[in-house]
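Next up: some structures, all given as structure tokens.
Each of the next two complexes has chain A plus one more chain, namely chain B in the first and chain C in the second.
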Partner chain A sequence: MHGRKAYQLVKEFASGEKGQLKPFNRELFGRVLEECNEHHGALQSLIRKMQEEGLDVQTARNADHYGALIHHLSLTRNKRCLMAYMYNRAEIIRVLAWKVGLLHELPEEIQEKLSDSEEEYFKDHAKTLKSYMSQMGLDVNVDMVPPKDPYIKVRVLEDVGGGIILSDKSANFARHSMHFLKRTDAEQYIARGLMEELTS
Partner chain B sequence: MASGAGDWSSSPIDDYETLISTTDVELLKRAWRNEKASPEILPFQDALVKRAKEQIQLMEETVDEFEESGHDPLIVSLYQMDLDRAQFLLRSYLRVRLQKIEKFMFCIWKNDTYRDRLSEEEKSFIESCIRVIEKHLDETVLSKLPENYRDILKQSAISEEDDMVPEPQLDTFVVANCKRATRPLYLDSNRQSAVFDNRDDYFQMVPGDLCIIRYKPFREELINGNIDLV
Partner chain C sequence: MASYYDIGDILTDEEFVPVVFHKAANGVIIDPSSETNSVEQGAKVELQLWLAQELHWRQAVSINVPPCFNQRTRLEIQADAACVDLRSRCPYFYEFGCKILPLVGDKTVEFLLLSAFKIRYKEILTKAYTAAYMATSKVPTLLTREETNLYEAAQSSMSAFKIWRMGGPRLQRASVLGRKRKSID
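== the complex of A and B ==
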């Protein structure tokens, strides 16, 4: 009661690694929502009591008023905690949409941590970004780091087979092989974790 | 894009300085640096972005021509590098703006000054963002709360103003470089606000000054171009 569960929810979010999502805590979330409705019920019954006693609800200052005030404040606090939980998760989802969502699906491990509505949000936000990029005629999510060389050395981390399209040649990318690729081509694979850049 | 029109003629040194400082690359770099350092969103440089896009396209065509005609590969890769770096600048500028919009979407949308600073495409981007997140928050939280507590911007129906909107922190410190003399500003004791005043103890920056200041009193100066953020 009185915001303790909401506090747990927020604490759980804050205790995760920054930028990483934990699985959506459906149970705790549902319990906080129930509490909100309980507070509201109690608030309304206190107000009704005051009205039945003939007191002016806006100005009377008796024990019932303060009881109602506490319920109201707990309710708003719960609301803030819930919104904070959802909003901060949404922020992380937006970062994911920038990194991955425009071309590919989310990997399994991340998908199971999201609630249904969050998956929808992810798709919608990716769509929004895509429509901006097509309006501007530019890809805003490549070139995340300032380019130093037009060609970079990469090492392939996962087996990608022959499905890679390069602008000037085609190559077979077996695992652990090293290649000298154009930076713009390699970037999308680096972002997905399929290749890594060798900087030495 | 090294100089405005690819003109490599030798100019005297002081003309070179002025030439360099007004090329599109420099303007874009300046807009990019200011946007990165500023906590709030700055006016969109519409004409500059248009010109930059055209010039990038021109460069791309030139590079393609050179590659096909078997031009010296070293020169081609130099042009390519130049092109890449210009593209990076433009993309990063747009990216920084988009991320600021995402972070403060409600605040920007409500405030007319901020809204006027967006480009057309950014306006439709922010509308769409807001729609999407309202739908998401509505479904998960707001529709399940009691009446009077369902608003996305207010805590409850009795809040007097929109109290759930994140706003940019205008008090952060920034490093500013002065290009033209600023107006004399009288700063209060926390240096957090300023009044244009003719009192004696005013603060004024002259060209060449490099200062660490709080952002808020100097917003006007930044928008007028008197100072640049570093």
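== the complex of A and C ==
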């Protein structure tokens, strides 16, 4: 059946949790590309057959024409599925770059899910965002609602290491320690899951 | 072309419809019952919607009503629309129906879709708002994709309201990073 492998690819993407990436399915992607080549080959041989029979390819409507048409439609369908797969993955990567990638590297488990071109896309996107923000002089990545209190209490969940320089002091973030940080400093660590906000 | 990249649209187009070929086609392996690599005129085949739609516009096939809109489903919807398991019939029931409308000669599909949706919409909203207080009901498993989106939107708006009322942490771990695995130590 035509287009079934491409359908599997799209379905695999849709079956994951919303906003989460699965590992890039190189194998299935490659097989869909092979199928496209097969369709293209069959299309060309049918057109050649029509030309040999002396028919005008543009207007003749015989059985070969409809066969060629079906191959052509399958090609465009495969193309659509492949493009949608890449496009939707790229959207998630953009969100990743915005939330996490501005200052630090991606965590290991996410990095192995991306293909090589997607990793480059992530790096380029993060670089562009950084240069944009430095040109504007604003950090647009912080929370949009002005807080009541510029300082918040946080607890460190994972060992970040010592001697980190923040905007007003340097601190040593050992695990399970609690600190009183400026909101803007703490935000990047909270977004990466290294700290949590204490609201009590 | 806003829907070109839309995953839901692509998956809807993959649903099968029964067609009858008006013209023969050579060199394609679509008809599993034919021995040669071709489809004969008058052959009845099940095709995906994306293929059937294009061939229909070029007058090569005619499309019949798909099995998920058949008499049995209609009777069940008339009896009690809220309990019909539309997801097992067709997870894209409404979108699929809307696409089929201009292609098939049957005018009653329209009324079927509308009446089913009206009754189920009310059920979805009531269940979404009250599910927090009861054990999760069976309703979410019966819903199509479209209805599930509505259900989740209603639930998330309900929980956002509760958070606003009671307060909670403003800064959260980025959801795009996935669920954290607790390390064992």
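Definition applied: the second predicted complex is superposed on the first by the 191 of 200 C-alpha atoms of A that agree within 3 Å, B and C clash if a C-alpha of one lies under 4 Å from a C-alpha of the other, contacts with A are read in each partner's own complex, and residues count from 1 in each chain.
Criterion: a contact is a pair of C-beta atoms (placed from the backbone, for glycine too) under 8 Å apart; a residue touches a chain by one contact, two chains touch by 3 or more.
It should be emphasised that the depicted structure is a prediction, and the values quoted were computed from it without experimental measurement.
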First (chain B), second (chain C), both or neither: which does A:28 touch? neither
In the overlay, answer first, second, both or neither for which of chain B and chain C A:83 touches. both
When both complexes are superposed, which of chain B and chain C contacts more residues belonging to chain A? C
Just to be sure I read the superposition right, which of the two partners does A:135 touch: chain B = first, chain C = second, or both, or neither? first
Touch test for A:190: chain B only (first), chain C only (second), both, or neither? second
Going by the contact rule set out at the top, does A:42 touch chain B (first), chain C (second), both, or neither? second
Which partner does A:69 contact after superposing on A: first (chain B), second (chain C), both, neither? second
Under the stated touch criterion, which partner chain does A:55 make contact with: chain B (first), chain C (second), both, or neither? neither
Overlap of the chain B and chain C interfaces on chain A comprises residues 80, 83, 87, 143, 147, 183
For chain C, which residues are in contact with chain A within the complex? 4-8, 10-11, 14, 23-28, 30, 38, 48, 50-51, 54-55, 58, 60, 167-178, 180
Note which residues of chain A are touching chain B in the complex, please. 33, 36-37, 40, 72, 75-76, 79-80, 82-83, 86-87, 90-91, 94, 115, 117-118, 120-121, 124-125, 127-129, 131-132, 135-143, 146-147, 149-150, 183-184
Seen from chain A, its contact residues with chain C in the complex are 1-3, 7, 10-11, 13-14, 17, 19-20, 42, 45-46, 61-64, 66-71, 73-74, 77, 80-81, 83-84, 87-88, 92, 95-96, 99-100, 107, 109-110, 143, 145, 147, 152, 183, 186-187, 190-193, 196-197, 199
Sites on chain B touched by chain A in the complex: 53, 77, 80-81, 84-85, 87-88, 90-92, 94-95, 98, 102-103, 121-122, 124-125, 128-129, 132-133, 135-137, 139-141, 144-146, 149, 155-156, 164
